[in-house]
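Following this line, the structures themselves.
Look for chain A in each of the two complexes below; its partner is chain B in the first and chain C in the second.
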Partner chain A sequence: MAAERGTAAEALVGQVVLPGDLLLLPAHYDEDAEGERLRLSAGAAPQGRLLCGPGLRRSGAGLLVTKCGLLRHRPAGGGAYWVDSQQKRYVPVKGDHVIGIVTVKAGDVFRLDVGGSEPASLSYLAFEGATKRNRPNVQVGDLIYGQFVVANKDMEPEMVCIDSSGKSSGMGIIGQDGFLFKVSLGLIRKLLAPKCEIIQELSQLYPFELVLGMNGRIWVKAKTVQQTLIIVNILEACEYMTAEQRKQALAKLSGN
Partner chain B sequence: GVMERSREQLLRQTCEAVVLGVLHPRTAISLVLQVLSDAGSLLSCCLNAACVALLDAGLPLAALFCGVTCALQPDGSILLDPTARQEQEARAVLTFAIASSERKVLMANTKGSCSVEEMQQCLAAAQRAADTIFQFYRNSVRRRYSKS
Partner chain C sequence: RQPLSPCVAGERLCSTEEATAGSGTYTRHGFIFSSLAGCLERRNEDSELPVVSVVRDSESQLLPNVGAVVTCKVCSINSRFAKVHILYVGSTPLKSTFRGTIRREDIRATEKDKVEVYKSFRPSDIVLAKVISLGDAQSNYLLSTAENELGVVVARSEAGVQMVPISWCEMQCPRTHTKEFRKVARVQPQFLQM
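Then we have the complex of A and B:
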């Protein structure tokens, strides 16, 4: 019962990998035995340091796959491998921009539901221009677009609505009206890719405002309720439609 | 009843051996299985369904697992994936949960009596059958990711 014990990582790039598969790395990566870092995002990696992204874990001389999906590789700066998997459940990651719903207002801290296993906390001072006298007007049930400043498996996640220089850069309370719905994380990543065709095609249909949260939540607002619902239906269906089907659906709508 | 409880315990122990719980501390992972129709080999069907569900949900797993049921007939021959009728007529019914990493055995459940040699033979047959099941998982996942 000689199972495939380790195939070269380069051979499997772009193919489906399953948990339990062992990927063997070229020999020269094993030289740095100290400081094997597992990082989830692209950083400036020094030469020869391999980044082990989501879905992979270091195991002996190779990488063990822990999630099913397509194996991706980026050769820049030492190289990075990760598994592109589709899932609906969000796990908070530091630096991710997400849409949260305020559930509790407890004194100086708001608790937000971000779709993870724990509610995230947001201090009232973490808004642009907020001071102890000038509090932001946040009510229970409001939508907030912010980013995680603390998000690991051991602690409660914490969010802020300002970036490192103190500016809000698009984050904060999301305005009135509009429609919030949930999609899978893979669709969000597809929509956030630069020059996404879906967004370009939709923008030619009606003008609308769109906020994409990495936790699978999308907020849409168009001029009328009907237009908003049409955009919501197209975005939800996009996941399962091919490009031609989408173009046909949009052509039918713009013809009406 | 007691049978369902015992099945729950077996499934839970198998899943706990594969799911990387260290990545999700202080979190409960609940797996709900609904039996739509039972035509025999129920425990191994539950095991296969549980593995595919964990895979689909995106939980980090150390390996895949599958369930194979063997029925030992009175004349000593081994029957894989028995129907309910074959299970009743068999001398012993053995269910194994086999992991994808080097075909290790995660769980073994026996109903009835058999000798040690017969159990070893059933185990070998189950490990061979596990290859087919893992290939099926791979094909299904490939089909799913080919659409995006």
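Then we have the complex of A and C:
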């Protein structure tokens, strides 16, 4: 493992990296072939604090790639490296807001399907204003928007529909009607970016309600079924359309 | 010692006035009965009655008693408890592993309600624990790590490398330098091999 020499991280920015690739950071280029000599800065960040983002793991002198994708770099604030990867399978992460589907109502706890390896558990007390006498009206098949409080690879994930101060802040049972569909995780991240163009252009088309779950699920509701389906088709197609194609499609629709 | 004679389980050996019951026997209605199928052993003690016990040919399985320190491996964790396999009792390995449970309130001695099982143990950690109860027929051994000398001794990081303890609640991976939370055991110096 130590014998394989890595390549410079800066040379691979914007290129495809595969798991197992070793990236060397600037301070260690002129290291000995054996790597026997210990430097004072060995193991410490080269300049300032270098952020090792998703898809990368620190390994001795450099960074080890753990996901395949494009390597990105941000030089601001000490520098950050991360891997941009396409992913459709969701892995629960603490703090993520997701849309879950209620599958089982077992006593005090609901089991929700969130698209991960295990169903998440949601206690009936984890809603705003819920007490032992005042239970929330949740049925099997309902959609719930909530966030994870416990999510790791060793335990079953747990969700709540209140934030740390006890307010619901938009979470809870998603109302009737509307349409739920699944997209890739990258598109969700793009839609959640501040001032997303897609959402702004769509909102000029028809008024609609939109809930985005980090597990790749989107719920849309517009005034009529036809408008809802049009918005669903545009959002699904946005993954592969360029900005110009999208503007053309929207112009055609608003002309109709 | 008298020559060993075979006996079966349930065989009445002698009365309690002639001898005292040893291992592998039980007393009922003033008589000593054998509870195992094996060889009868009568040992003469100077002051008291001779001790009658039944032994099998193979070594008897060493069972953990209440208060024994055991070495176990964590197999799964939950927000309420951790399930473990007991591998060693003291320093003798067991032929077949027993199952044990460490409840959330038995992990630490102080601040029991603020304990998070995920920050104390992870699956595949090796843990030193003490038996606090044998449990009933269906349940496992109940174990506790609520002492300084008990807790995690060997743990692997997410990168798969064995971690080094840096405090009673943190361990660090030597390759990725990430710190992970564990309830670390302060192993006595005489048990460390340098």
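For this structure, a couple of remarks:
One rule holds for everything that comes next: the second predicted complex is superposed on the first by the 212 of 256 C-alpha atoms of A that agree within 3 Å, B and C clash if a C-alpha of one lies under 4 Å from a C-alpha of the other, contacts with A are read in each partner's own complex, and residues count from 1 in each chain.
Operating definition for what follows: a residue touches a chain if its C-beta (ideal position, glycine included) is under 8 Å from a C-beta of that chain, and two chains touch if they have at least 3 such contacts.
Quick caveat: nothing in here was measured; it's all calculated off a predicted structure.
Superposition model on chain A: chain B and chain C are shown accommodated side by side without a clash. Legend: residue contacts after superposition of the two complexes on their common chain; A:C68 is shown touching chain B, with no touch to chain C. Contacts of A:A106 after superposition on the shared chain: neither chain B nor chain C is touched. Of the two partner chains, chain C is the only one that A:G60 touches; chain B does not reach it.
By the touch criterion defined above, A:V16 lies against chain B but remains apart from chain C after alignment on the C-alpha atoms of chain A.
Within the superposed three-chain arrangement, the count of touched residues of chain A is higher for B, of the candidates chain B and chain C. In the superposition on chain A, A:Q87 makes contact with chain B only, while chain C stays out of contact range.
In the superposition on chain A, A:V150 makes contact with chain C only, while chain B stays out of contact range.
In the overlay built on the shared chain, the residue A:A76 is in contact with neither chain B nor chain C.
Annotation: superposed on chain A, chain B and chain C show a minimal Cα-Cα gap of 7 Å. Residue overlap on chain A between its contacts with chain B in one complex and with chain C in the other: 57, 154.
Of all the residues in chain C, the ones that touch chain A in their complex are 76-79, 117-118, 122-123, 159, 175-178. Across the interface of their complex, chain A is touched by residues 20, 23-27, 55-64, 99-103, 127-128, 134, 137-138, 141-142, 144-145, 147-148 of chain B.
Across the complex, chain A meets chain B through its residues 1, 3, 5, 16, 18-20, 55, 57, 64, 66-70, 85-89, 91, 117, 153-154, 186, 190, 240. Listing the residues of chain A that touch chain C in their complex gives 43, 57-60, 150, 152, 154-156, 158.
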